[in-house]
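In the two complexes that follow, chain A is the common piece, with chain B as its partner first and chain C second.
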Partner chain A sequence: MSADEAPGLYVESTIIMTTVRVVAPFVLTFALFIMFHGADSPGGGFQGGVITGSVVMMLAFAFGIDSTRQWLDVRIVAALASGGVLVFAGIGLGAIALGGQFLQYNVYKPYYYEASKYGIELVELGIGGIVASVAIGLFFLLAAGFGYVTGEGER
Partner chain B sequence: MSLTLLEGSLLVFVLCCALGAALLKDTMASVIAFAAYSLGISIIWLVLQAPDVGLTEAAVGAGIMTILFLIALANTVTPDVDSLFESVRWRTVALVGAFVLVMAATIPSLPAIGDPTAPVVGGEVTQYYLANAYKETQVHNAVTAVLAAYRGFDTLGEAVVVFSAGVVALSVLRREVFA
Partner chain C sequence: MTPVEWAIVALAALGAFFSGVAAIGIIRLPDVYTRAHAASKSDTLGAVLTIAAAALALETGLSTAKAVFLLVFMFLTNPTAAHAVARAAKDQGIEPWTTENDQ
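After this line comes the complex of A and B, so read on.
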């Protein structure tokens, strides 16, 4: 715990920590299911991404925001956000490069026979990455606020 | 149009929560009322047979938004609240009431839930998606087919909007990393 966390924001509780430790893997699995299975059932990248982000928030709720901030690798968050945009735009522009139209999945068919299905799946994963990392990012940024940079800062 | 008990009570619940979110003076209470409102709306989406929208509403409206509001509240100073509700101006109430009446006047002409003769079901575009979505995109969920294939360019825009929101938050708060 650091000194510049707002007082009263974090209460260490064995019950919350234990519950989160048990529940978090299931929530993450559910989030990935929503994301991967969005092509055949309700859900998709946006919903799955938000639930993935909420897993990290749950951890922050149980173990403290600053501890979670230190545990989380910021490079992964940034890579997920920009990687998602790159994957989505890459699939779209790649179709143009192969002579089709933007996001015309079936031009990938010569390379893989279920091109449309897995193209859409990849796009959903890209969206999921963007949404999850931006949700996590907004959470930590809002939690830090303006004061974090100007303070002593132990980063 | 007749309401079942479930639909009626959901609508009353959502209406009360919306009024609470708008009128409660204590910001924390208002945020909680807003979360309850989102949860009610997400169940209404399920009743209206739109599970994709319901899932989004539950995850984004009731979940993430509430957390972000609460974490923002935790970083602000809460003023002492002297009264339970905001004071409202009666002219505003009259104006909003008139608007609600105009909107409510259109409700009787809405088709029943799941009505096969509803214009949107019989529409050419809907029928095209339902008939060809699986053949053309190989996904069973027609909503996903529209989202990622037929309207894929719009969805790229949406995804980039989310990405930009993150980048803008970084630059406004003068931070270099997300966490």
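After this line comes the complex of A and C, so read on.
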């Protein structure tokens, strides 16, 4: 590495950027597929959420962490996490409010005919949102620590 | 055996062979660049041939389509990952191994 190049400065590679650009939509679709199929086949909200988080990490590897931070505001990540918790708790406590047990989906039946199926799907989506945003947030924190340390290394 | 069965056996055997070559390469080669070379080329070919055998062996339909998708993405992402590893190693200033290092 030449001396005038700042340590940790990442120059994007065309090959990686192109591959990520091609692959990312498919991976996101696959993550949703895993989330929605969690009820009746292998998969579920946790696995789908981790795949969603890995898409953001892939984008950060290809395009640099700073531009990913600009593109994906931390407030959006926090909103996704709390929104997931709200969806999960809302569906679970709503069943209690309607006179059932926690997460007893069939009490929603009078309002929607396939309540059990879509109740499970919504809870999986909520879990997926929580897991994805926590994975992304942890990644952002780790990346910030790395930048901080290399910035300090100048002395 | 039918020709399709012969093709499945041949593809699976070739895939196992190339995966073995990749494993030997990762253990025996001296530095990160040559190991990335072994991991990207032979391992991709081994995985792709094995998945192709699986795609032939599965009954035609959704499973075959999934296997073909897996094959295509394996072919795209595996060399890219090796490229990223080699690039990161170059960024970190790791010198490539040459025969001079051995003397």
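FYI, the second predicted complex is superposed on the first by the 136 of 155 C-alpha atoms of A that agree within 3 Å, B and C clash if a C-alpha of one lies under 4 Å from a C-alpha of the other, contacts with A are read in each partner's own complex, and residues count from 1 in each chain.
Heads up, the rule we're going with is that a residue touches a chain if its C-beta (ideal position, glycine included) is under 8 Å from a C-beta of that chain, and two chains touch if they have at least 3 such contacts.
Source: prediction; values computed, not measured.
K.L.:
Should the superposition on chain A be reported as showing a clash between chain B and chain C, or a fit?
P.N.:
On the shared chain A, the partners fit.
K.L.:
Applying the document's definition of touch, where does A:L98 land relative to chain B and chain C: first, second, both, or neither?
P.N.:
Neither partner.
K.L.:
May I ask you to decide whether A:I15 touches chain B, chain C, both, or neither, giving the answer as first, second, both or neither?
P.N.:
Only chain C; A:I15 stays clear of chain B.
K.L.:
Report for A:S116: first if it touches chain B alone, second if chain C alone, otherwise both or neither.
P.N.:
Only chain B; A:S116 stays clear of chain C.
K.L.:
Could you tell me if A:I51 is touching chain B, chain C, both of them or neither one (first, second, both, neither)?
P.N.:
After superposing on A, A:I51 lies in contact with chain B but is clear of chain C.
K.L.:
Give one of first, second, both or neither to describe whether A:P42 is in contact with chain B, with chain C, with both, or with none.
P.N.:
The first partner, chain B, only.
K.L.:
A:L86 contacts which: chain B (first), chain C (second), both, neither?
P.N.:
A:L86: touches no partner chain.
K.L.:
Who wins on chain A residues touched, chain B or chain C?
P.N.:
In the superposed model, B touches more residues of chain A.
K.L.:
Considering the aligned complexes, could you tell me the closest Cα pair distance between chain B and chain C in angstrom?
P.N.:
Shortest inter-chain C-alpha distance (chain B to chain C): 11 Å.
K.L.:
Could you list, by residue number, the parts of chain A that touch chain B in their complex?
P.N.:
Counting only chain A, the residues touching chain B are 6, 9, 34, 38-47, 50-51, 53-54, 57, 69, 72, 74, 77-78, 81-82, 84-85, 88-89, 92, 102-103, 105-106, 114, 116-117, 120, 123-124, 126-127, 130-131, 133-146, 148-149.
K.L.:
Note which residues of chain A are touching chain C in the complex, please.
P.N.:
Within the complex, chain A touches chain C at residues 1, 10, 13, 15-16, 19, 22-23, 26, 61.
K.L.:
In their shared complex, at which residues does chain C touch chain A?
P.N.:
Chain C reaches chain A through residues 73, 76-77, 80, 83-84, 87, 91-93.
K.L.:
Which residues of chain B touch chain A in their complex?
P.N.:
51-52, 54-56, 59-60, 63-64, 67-68, 71-72, 74-75, 136-141, 143-145, 147-149, 152-153, 155-156, 158-160, 162-163, 165-166, 169-170, 173-175, 177-179
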